[in-house]
Every structure is written in C-alpha cells, then in structure tokens.
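Below, chain A partners chain B and then partners chain C, in two separate complexes.
Coming up: the complex of A and B.
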C-alpha cells in the first residue's frame, strides 16, 4: 500500500522562496499587532464608558471581529471593498482584516485588564495629587500590563496563524509561498511539512522571547 | 416592438453574468447546512476524544509528557496547513476519503486538543482534599470521579468549552481549502458568478454571527453564574 518516496531535496531547492514567505508572515504579524494595540485602547475605553454612540460603535466592532470567521473578514476587505470600487492588493487586504480582527480581541482583553484593577487605586492616585494621566501611566497601566501580558502574547500567535489565510486570496506569505512552490512538483506533503515546521519555529521563538521579556520585566514582583 | 421586447428578453437571458436569484437560495442553504453538520460532527467527536485525552493527561505522567510535542504542534501550526497535510497524507496512503471526512477528522483533532486542555484545567481546579474525602467515605475511584471531580471540573471548563465550540464553528470555513463546498465556498461560487460580493458576504457574515454571538453571550453569563 505504501509505495511513496519522500523527496526532500525538491523542498530545499525552494527554500529561499519559503523564507521570503516567512518574512511576509512576520511582517503582517508585527504590523497588525502594532496597529491593533494602538487602536484597541480607545475601543476598550469606549466600551468601559458603557453608554453613548462611541460605546455602541466599539461594541459592534468587537462583536463583529470576534463572532465571524477571520476568512470572512478577509473576503469582506478584499472582495467586499472591491465591489464598492475600492480595490486594494491582497497584502493590505490581509493586513487590514487581521488588524480589524486583532483589535476586537485586544480591546476585550484590555477591558478585562482595566476592570481587574480596583477603581479605588485611581481615586487613591488622584488624592495623592497625581493628574489623571499620571495616575494611568504610573499606577493603572503597569498593573494592566502585567494582567494582559500573556493573553497578548497568545494573540501574537493567533495573528501569525490567521495570516496564513492570505494564501486563499493569493498572498505569498509563508503558506501562499509554499503553495506556489509546491505547484511545480506537486510534492504537497513534503512542502507543507517544512512550512509547518517554520510556523512552529516562529511560534516557539515568540513564546520563548516573551518568557525572557516577562522574566526581566516582572522579576521584582 | 413586441418582437424587439422578446428579443431583448432572450438576450438578457443568455447574458453570461446573471445576477443573484431566488433560485440561488437552496445552494446557499445547502452550504449552511454543511457548515452546521461539520460543526456538529467535529464538535462531538472532538469533545469525546478531548475528554478522554484530557483525563489521560491529568492522570498519567507518561501521557502528560508524551503528548506535549503533539499538542504544541497542533496549536502552533495554521489550521489550513493541517487540512492540507491530512489531505495529502491520505492520498500518499492511496486512500480516497470524502473531503467532508478529512475536514471532520482534522477539526476533531484540533477540537480534541482544545478540549483536553480545558478538561485538564478543570480537573486541576478540583481540590485534592475533596476526592480524598470521597475515597474515605468508601467511594471507588470511578464513583469519586463521577460524583465529585467531574461535576466540579465541568463547572470550571464549561465556559471555555463553549468558547472552543465557537472557534470551531468559525474554523469550519477553512475546509474550503481542500475543496469542500461549505457556506463560505458556496458564497464564493456565487460571488464569482453574480459579482454581488458585498451582499453575499454580509449575508454569510451574518449567518456566522447569528450562530456565534448568542452562544458567546450565553457563555459569558454562564461564567458569571458558575463563578465560585
């Protein structure tokens, strides 16, 4: 039954292509996380306000991002905006959709973190004569940062995994590049095993790096 | 004039890119049904397997350590690649399963990994004194498991399990990469023909939302109610 010979040299011949794909994957992961982190803060604060137009808009964003498949979100940006006459390339479509997705998840995460800090701490800071900004900067955020840190690292992995959906709309990130590379020889299994290994290596590096950073940052506690 | 009218009608009829019609609805509904079937099959198989694996991992050190690499890999390789790998591996073996079953198997393994983590966390949350108290009351291991540990573990694990089920529902959209026509793939077929991308995608997005959102609201309420 098993008369298949694995041919790995074919994969190594395309190694540079896979690495180029991995670079695009990393790029999208880092950029989308950076933009989403910045965008998620106002959303979390708006959701905490509990009423008003901005809260409703933030709620719609968060729930739409969390309750529809990421692939639908990517299609929406790529084909949906295209139907409106706004044509964007697959790179920015994937980047935009994953940023939208990340922002929804991160906003909820930050909101949970802010809720976990007792409100008395804010009042205490204020009564010690700190300004509201100083209170946030020196008292609230350091605590939120500690609560949110590991879920945030998980979200980085999720962003990386979700960027693989770029293959479906023809982006040459790691999965897409592998798909292109294997289409010459159709050694699908060998190529995607190597791609899986690369994803695993990236995910593990992120986690190890995160642990080192956590060890340095939270050591005093 | 009448003849011209009929001529035009005929011409419109032959146009290659016809718009969206009511007759497309059954096609979409078929896709939606397949998405639901995938979720139910993979959800139940994955949960069953996950509960067993979670119990094994919590009970035996060999399973706890032996399964680490496997679980690690499943969690940090994109699901798309897992589908492609399972699909190409079965053709290497010379088998020809229906893409539906490839999808169910891959999603079940994924769901089992998520569930086993939750089961483990749930069992860990039960204080050992409780099951020891059960033992000293004369309960057997299985009686203690069934009447003391499992109910308390379910309390901890249930909201997370519902979350995993929602994630699974959304992930069924990826089965399209191995050529199974579920809801999203059906939508794409219609988009290619009708060019009504925005309308169709909004409908598809709404379908997932209508399934996932109430369930996630329920999970959040449950979490608050079950908080000990």
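Coming up: the complex of A and C.
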C-alpha cells in the first residue's frame, strides 16, 4: 500500500543547498584525514616502543578513540568542553572530534603496517651505512605505505560517513542540509534518496581516485 | 550487478508496487473501523503536546487528541512515536493512519500530505538566558541565535535573520530541541524562538534554571493541523468534523487548560477568511 508519487522538481530546487552541504562534508573529510595522518605516525611509533609515558598516552588515545561512539566524541568536544567554559564552534568541534577518531584508527593501522615489515630490514639498512632516517624514508615507509594504503582509503569513507553526525550540533553538512530541505516540503523520500546518492558519489570518487593513484604508485613492483 | 540486471530488478519492484497500490483501494476510514485500531503518529519529544509521563506512558495534548479521536471512532488508540523527520515516511508507508504531531500547515508541505483545518495554534516567544541582556525580540539582532534544523520556528526566524542582514549575528541549527536548549544554556547561542507552550513546559521542568522567556516574537501565529495521506479526502472530511466537534463540545478548551495553561483557548480561525 504505497501510493506515493515521487516529485523530483522539488528536490532540484534545493540542489544548491545540498551541494553546499556536500562541500562541507568533503572539507571535513579531507581536513580531518590530513591532520589525523600527521598525528597518527608519532602515536604508532610511541605504541611500538611498548613502554614509557608517551606509549601510555598514545594507548589512552587509541583506546578512547576506537572504543567509544563517534557521536559521543562529538558531544564531548562540543557540549563537554562547553560545560568547562571552552566554546568551540560547530565546524571545528566536528573537525576536532572526527580527527581524534581517525587518529586512533590510523595509529593502529600504521602500527600494523610497521610490524609487517621484518625488523631485519632496518638492521640491514643500517649496516649498509644508511642513517636511521634514511632507512625509514627509503626502505621501511615505502613498504608500510603499500600495506596501509587500502585500509587508509577505507578510513576516508568512514570519516566521511561519520561527519553526518555533525548535523546534531549544528553543522550544516550534507545530512543537515537534507534535513532542512525535506522539512520545508515534506519530500523526505526524495531528499534522502538524493543525499544517499551524493554520499555514494563522493565515496565512489574517492575510491576510484585511490585506485588510479595505487595503479600509478605500485605498478613498478 | 550489471546495468541490465539492475534495470530488470527496478522494473519488477515498480510493477509490484503498482499491484500493491491497486489492491489498496479500501478506504482508511473503513480499515480503521474494521481493524478496531487507530494508529496515531505523535512526536513524544515535544512537551507539552507529546511526551512520556513519569510512568513512561505517552501523554500530552496531541496524545489526548488521538485518544479522543479513537473514542469517537469507537476503536482502540495506538500511539506510534514519530520523530519530526519520520512524519512523512510514516504516513506515506502506511505505518500510521493519522499524524497528530503539532505539524505546521504550510502550502509546501500540503504538496505531500493532506492537512485538516487547524486544531491547535502556538505563538512563538523569545527564549534566552538570564544574563544576555536580551529583553525582547529586537534584542536578538546581531546576536548568536539558534533553532532546531527543519522546524517551522527555524524557517520563521531565518526570515527575520536575513532581513536584519547584520554581520555581527549568526545562526546555528541543531539536531533537536534538546541540543538547542543545552547550547543556549551553555552560552553557545544567546537566543532562539520557541512555541509558547514548549517554552512554558521547558521552564516549568526546571531542567535549565538560567533560561527565561522575553516577550512574543512577531512571527505569525503557528497554526498546526492534523495530517492524513494526500489522496485520502474521505478520512480528511471526517477529521475536519472531529476537530469542529472538539471545539464545539468544549473539549478543546478543557485539554488546552489541562496541558497549556488556564484561560480561553485561542481561536482556531483567522479573521476575514474561511478555511
């Protein structure tokens, strides 16, 4: 019993708003992944060390980021810090929370990648006269990069989908823009179908781009 | 899945929907009477129109209207919690028979559902913190204001916000009432407009002791209507008669006094025009 006529013109009238929302979604995704990638490396190295204060701090971060819902993390940054009198705008609260979340996952990914490279390779590099930095740069990291590449692409998609939670604390990303548009005309089905299509298109573009990059980067092997 | 395969699945899905549609010629009114149940969609996060009482039972003005409606039909009421975003899908997918959820009756929304004549009316008031020095609606100019994404209150205040064109101010739309009240209480925003009944219930709840109301907002009265499926003229006629009866018998005023406050219940008519 579903006698519902889909009226698409009402959706296209709101298309610019949806695109503006999609742009915010993409921005949050890219920025949070970029910052998290930089932040995750020291965390992975600290956890590999296996002892010391930095290892403990990194472990707390990873445990908190991976074992609590992203929604709770967003609430904590926005309302939790707000209760302490520290006010961060919606945009940076979502960016901060998703970066925190990504960093936890990426740190473990990188640690796994580092563990997958046999430790003898480091010794071999050193015995050939390379410095520690050169060994990491020329021997270890190129292999780690290849191991973590596809899980990393996965994490981009995950970050993008998590950003939809930002709508709750007032970020007008794709889900927020959709929510607002559908309430005007009650064309909920149409708007959510289009939003899902946009999410799919963004995720698929990232994955196709990643394939192209992988093909160019790895085919020498 | 290949494109061709995908296409054939789509065609089969469309065809089965069509058959299902043809088989559903039975009127809603008959179905309600025969099944002896009236399924009402109500928002239970919108006190005092819809909420859960300390016994965790649905309660509120809208819930009472649903029970009255079921009584008038001689059937059992079934309250189905329907959050704001799910209101249209619930009607369209036939999960509920009727939506009694303080829904503002805009012409755009009437493209999608059929609205009855108004059954309740709210007036927006200014809600702010006691330390913002905002004393009336004009005090919101150039301030950080907020609202609930997708609410008609948001649509009303955004109209004013754009016309002020004051670069010092900004607007933030939150996911639900709960987040917007918390943001206001914490100082992330300085003011918002809220329906008078919701504001009174919020302040009476004592949840946020730093929130106060500061006068009326100049937005037009927010008339709310009961909604049914767009093509369901037969049931809509019945709902309109029901609303008229509620007013005529004094039940409207009694429920208004019970949930919204003492005094005369506001008129559901707009002077100078028939509905």
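Just so we're on the same page, the second predicted complex is superposed on the first by the 221 of 221 C-alpha atoms of A that agree within 3 Å, B and C clash if a C-alpha of one lies under 4 Å from a C-alpha of the other, contacts with A are read in each partner's own complex, and residues count from 1 in each chain.
In this section, a residue touches a chain if its C-beta (ideal position, glycine included) is under 8 Å from a C-beta of that chain, and two chains touch if they have at least 3 such contacts.
Bear in mind the structure is a predicted one, so any value in this text is a computation, not a measurement.
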Problem - Superposition on chain A - do chain B and chain C clash or fit - result: clash
Exercise for the section: Figure out whether A:86 sits in contact with chain B (first) or chain C (second), or with both, or with neither. Expected result: neither
Problem - Touched partner set for A:53, first chain B, second chain C, both or neither - result: neither
Handout entry: Touching partner for A:7 - first (chain B), second (chain C), both, neither
Key = second
Exercise for the section: With the two complexes superposed on chain A, say which partner A:180 touches: chain B (first), chain C (second), both, or neither. Expected result: second
Practice task
Once the structures are superposed on A, label A:203 by its partner contacts, choosing first (chain B), second (chain C), both or neither.
Solution key: first
Practice task
Check the residue A:189 against both partner chains and state whether it touches chain B (first), chain C (second), both, or neither.
Solution key: both
Practice task
Using the touch definition from the top, say if A:169 reaches chain B (first), chain C (second), both or neither.
Solution key: second
Practice task
Decide which partner touches more residues of chain A, taking chain B and chain C as the two options.
Solution key: B
Practice task
Mind sorting out which residues of chain A both chain B and chain C touch, each in its own complex?
Solution key: 1-2, 4, 79, 82-83, 167-168, 188-189
Fill in the blank from the handout: chain C partner, complex, touching residues on chain A are 1-4, 7, 10, 78-79, 82-83, 87, 90, 167-170, 172, 176, 179-180, 182-189
Problem - Footprint of chain B on chain A - complex, ascending - result: 1-2, 4, 63-64, 66-73, 75-76, 79-80, 82-84, 157, 161-162, 164-165, 167-168, 175, 188-189, 192-193, 195-196, 199-200, 203-204
Exercise for the section: Enumerate the contact residues on chain C facing chain A in the complex. Expected result: 17, 20-21, 23-24, 84-89, 92-94, 106, 108-109, 111-113, 146, 149-152, 154-155, 172-176, 179, 182-183, 186-188, 229, 231
Problem - Residue numbers on chain B that touch chain A, as the complex places them - result: 72-73, 76-82, 84-85, 88-89, 92-94, 166, 170-171, 173-174, 176-177, 184, 187-188, 191, 195-198, 201-202, 204-205, 208-209, 212-213, 216
